[in-house]
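One chain, chain A, links the two complexes that follow: it is found with chain B in the first and with chain C in the second.
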Partner chain A sequence: MHIADGVVAVPVIATTSAIAVAGLGLGLRSIDDTRVPQVAVLSATFFVASLVHINLGPSSVHLILNGLIGVLLGWAAFPAMFVGLLLQSVLFGFGGITVLGLNLFNIAVPAVICGVAAREVIATSRPAVAAAVGGVAGAAAIAMTAMCVAIALALSGQEFLPAAEIVVLAHMPVMAIEGLITAAAVVLIKRVRPDMFPSRRTVAPL
Partner chain B sequence: MAHNHSLLPGPLVAEELRDLFAGIDPRVRLVAACLFCLACVALGGFPALVMGLVIALAALVAARPPVRVVLRRMMAVEGFMLLILVMLPFTVPPTGAGDVLLSWGGLTASGSGLMQAARIILKTTIVVLTLTALVARLEPLEFGRALAGLGCPAKLVTLLVLTVRYFDVLRRDLIRLRRSMQVRGFRARANWHSLRSVGYLIGMLLVRSFDRSERIIAAMRCRGFTGAFPLDRMAPLSPQDFGFAVMAACAAIACLILDHAPL
Partner chain C sequence: MRAPLSLAVRSVVPLLAAVLVVLASQGAHAHRLNLFAFVDGQSIQGSAYYSGGGAPGGAEIVAYGPDGAEIGHATTDADGNFSFTPTQPVDHRITIATADGHAAEFVVTAAELPAPLAAPAAEPQAPVAADEAEAGEAPPAAESEAVADRPTDVPAVAAAPAIDPAELESLIGRTVQRQIQPLRQQLFAYEGAIHMHDVLGGIGYILGLFGIAAYLMSLRRRKVAG
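Showing the complex of A and B:
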């Protein structure tokens, strides 16, 4: 779900980029110095996971998993996703440099909102409940991302309104897919390595 | 085929063609590429956009990346962006009778909508070509050092360099896990079982990565890591670098002037 260069209006880009930079700063501050390699490995994992395609009717979608990123990384989701977007756009040369901040805003803001809301519940409840909460967070993050993309398009001109509506509609099935996959991933992690979801009351967060 | 030890997953670095920008400081290349892209995205008229495209193409020829990779990247516009472009002629209302391209049933295609779609395609192409020419051939470590040299926080640079480092390692981990699923008869279908299996796959990948990161941190601490790599200071800019910077600035300014000059 990347918006390309030259589509969205400048004020929209400027506002979202400013918020993205602020989030980036907060995210970097939340990472303990010696934990940087851990965040890097998890950010690389999500980058790799985005290579997984799910068949959906005649086409396929790739995973975003921003809800799960938010649950695992909290504010550090900003720098982790920024690195992914930067590598994609600049180092691998896929374009989207002027909209880097906008694209980061669209995926990282929902990630942090869902993550911060869900991580404590996931950390403290039993696997079945954690899975349900994780699934809702995963679906909600995609819904918010789709809304952000649609709003950015709609604010850029009347002519993009139909496209904005299509974005929201097209993300309904993606929401369901990401919700289910996030729920399954949360169950597995809860059973195999529950300390990956540290509770604020027991251990210091990542 | 030799095993690919490059940190980059793409084949760009492996190519042996000479890159004419190889001698230019990475910081200058990065800033020049970003400024030129910004200038081109701000353009409105076709003469200036075509000029930007010609300049980007010239830079690409000088960088001599493999043609196949460039073509693949230019095609990498996502389905939904394509949809927006195709819809634009129909969603932009015609400015007058002369603007109607075709009218079919309830649909009217406008010339101004077609123009807007063409502008977006031109801008996207210029950005991809410029980045491929100037930045994509940098080694990830060089790229990180350039960012640090431009004032990017050390923590972010460390994060970037390590992410690139482990991307390829984890991609192989994913391939291994998927292969073991396939050996056990897993076929991806559109059902609940498939989705749950993919979810478990992602969860397992994360658990393994988490364990791996614990080992990495332990190993790095043993070697004195305290949060950032000692990046050595970059060499001062050479006259050649300044020359290139001036050229890039002139190119960007020329496009902007052409765009605003009354023709």
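Showing the complex of A and C:
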């Protein structure tokens, strides 16, 4: 899911990086000092999740957990993932420095969309419904990220359909697994710490 | 400050711990595309593989010369292996790009190429040989005297020119290259692997970074409160 240096055209990198920087700014503003530990731990989780491989079929894919992080952090997913991506590229060689903004866009934008869409429902509904919504958010975030990758490649001269087919098909198992993880995490957190899902009715929106 | 910390610890740390346990149990894997190539006989052979296992089948391999011109071309098989025959005696920058956005490259230098192609790279050797010949010019006189003294050595001296020095050098070069090939491959694999100290170091960076952020925020709040 991490696009490597030198694959994508410069205008695509510039546009997505600009949006990623805007998202970073919004994300940083949404973190008050009481949320820093939560963002830190989720950033570390994102950082190591990419090392969990799912070997099914010919290609090798890994967890991303962007749906879960989006549901828990909202806009703060941007800074959490930025730090994770930066360290992944420096320490592991995933992606690259010049495509950091592009990869952040591809992974964090779906996270925030799914998170913002799902949070209110998760916060206000019964555990079963919340789990289902969380699961859908977890799977949908992966699907959207796969589509973003395919579109970025298509805009850089690769044919869209083969790229989309490869990326989306390869991530089917990831979608299933992350849907389950996100659903399980939502149920657990709702029971243990319901205030981690701030409803607009109880807490001011971000 | 206390409640959110316990909140994070109670709900997210178990997840992080679970991920680490999975990692420890299966060994850390990277998700990076690696490309390795070497000269074997008259062809350049190579393989592409993901560090986490699996190989990109049907991916396009293109070799570029120093001037950026395409000088070689191949397609990987299902196991990520490929081979092609180099036609130009220059450094080959071999690149791979898969349809899903992974890319890698590897350079095979001109000196590694098969003997007929490596000739220009071997040229610097020629002057050395010439020097030796010049240096050797003086001794022959003395040597011939020695030979005259001991005629029994003549067959040995006569046998020496039978091995062409250039040929011998290329033979040794090829043998050494074949011997160190597995070593190079192993070294390359080690470089591409993810090491636990990198993982732990990364987590340390993250916690430290956010720790600094929390400290700065607390300073600001104290200032506002004061």
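One rule holds in what follows: the second predicted complex is superposed on the first by the 171 of 206 C-alpha atoms of A that agree within 3 Å, B and C clash if a C-alpha of one lies under 4 Å from a C-alpha of the other, contacts with A are read in each partner's own complex, and residues count from 1 in each chain.
Simple rule for what comes next: a residue touches a chain if its C-beta (ideal position, glycine included) is under 8 Å from a C-beta of that chain, and two chains touch if they have at least 3 such contacts.
Everything quoted here is computed from the prediction, not taken from an experiment.
Touch criterion met: A:152 reaches chain C, while chain B stays clear of it. Touch criterion met: A:40 reaches chain B and chain C at once.
Contacts of A:160 after superposition on the shared chain: chain B is touched, whereas chain C is not.
Touch criterion met: A:185 reaches chain B and chain C at once.
By the touch criterion stated above, A:8 is placed in contact with chain C alone, chain B being left untouched. In the overlay built on the shared chain, the residue A:98 is in contact with chain B alone; chain C does not reach it. Of the two partner chains, chain C is the only one that A:50 touches; chain B does not reach it. When the two complexes are overlaid on their common chain A, residue A:114 makes contact with neither chain B nor chain C. Of the two partners chain B and chain C, it is B that touches the larger number of chain A residues. In the superposition on chain A, the residues of chain A contacted by chain B and by chain C overlap at 2-7, 31, 33-45, 47-49, 51-52, 55, 59, 63, 72, 83-84, 87, 91-94, 153, 158, 162-163, 166-167, 170, 185, 188-189, 192-193, 196. On the chain C side of its complex with chain A, the touching residues are 1, 3-5, 7-13, 15-16, 19-20, 22-23, 26, 28-33, 50, 52-57, 78, 97-104, 192, 194, 198-199, 201-203, 205-207, 209-211, 213-214, 217-218, 221.
Against chain B, the residues of chain A that register as touching in their complex are 1-7, 10, 24, 28, 31, 33-45, 47-49, 51-52, 54-57, 59, 63, 65, 68, 72, 79-80, 82-84, 86-87, 89-98, 153, 158-163, 166-167, 170, 177, 180-189, 192-193, 196. Of all residues in chain A, those touching chain C in their complex are 2-8, 31-45, 47-53, 55, 58-63, 72, 83-84, 87-88, 91-94, 149, 152-153, 158, 162-163, 166-167, 170, 185, 188-189, 192-193, 195-196. By the touch criterion stated above, chain B contacts chain A in their complex at residues 8-10, 12, 30, 33-34, 37-38, 41-42, 73, 76-81, 83-84, 87-88, 91-93, 113, 116, 119-120, 122-124, 127-128, 131-132, 135-136, 138, 140, 143, 153, 155-156, 158-167, 169-171, 173-174, 188-190, 192, 195-207, 209-214, 216-217, 220-221, 225-228.
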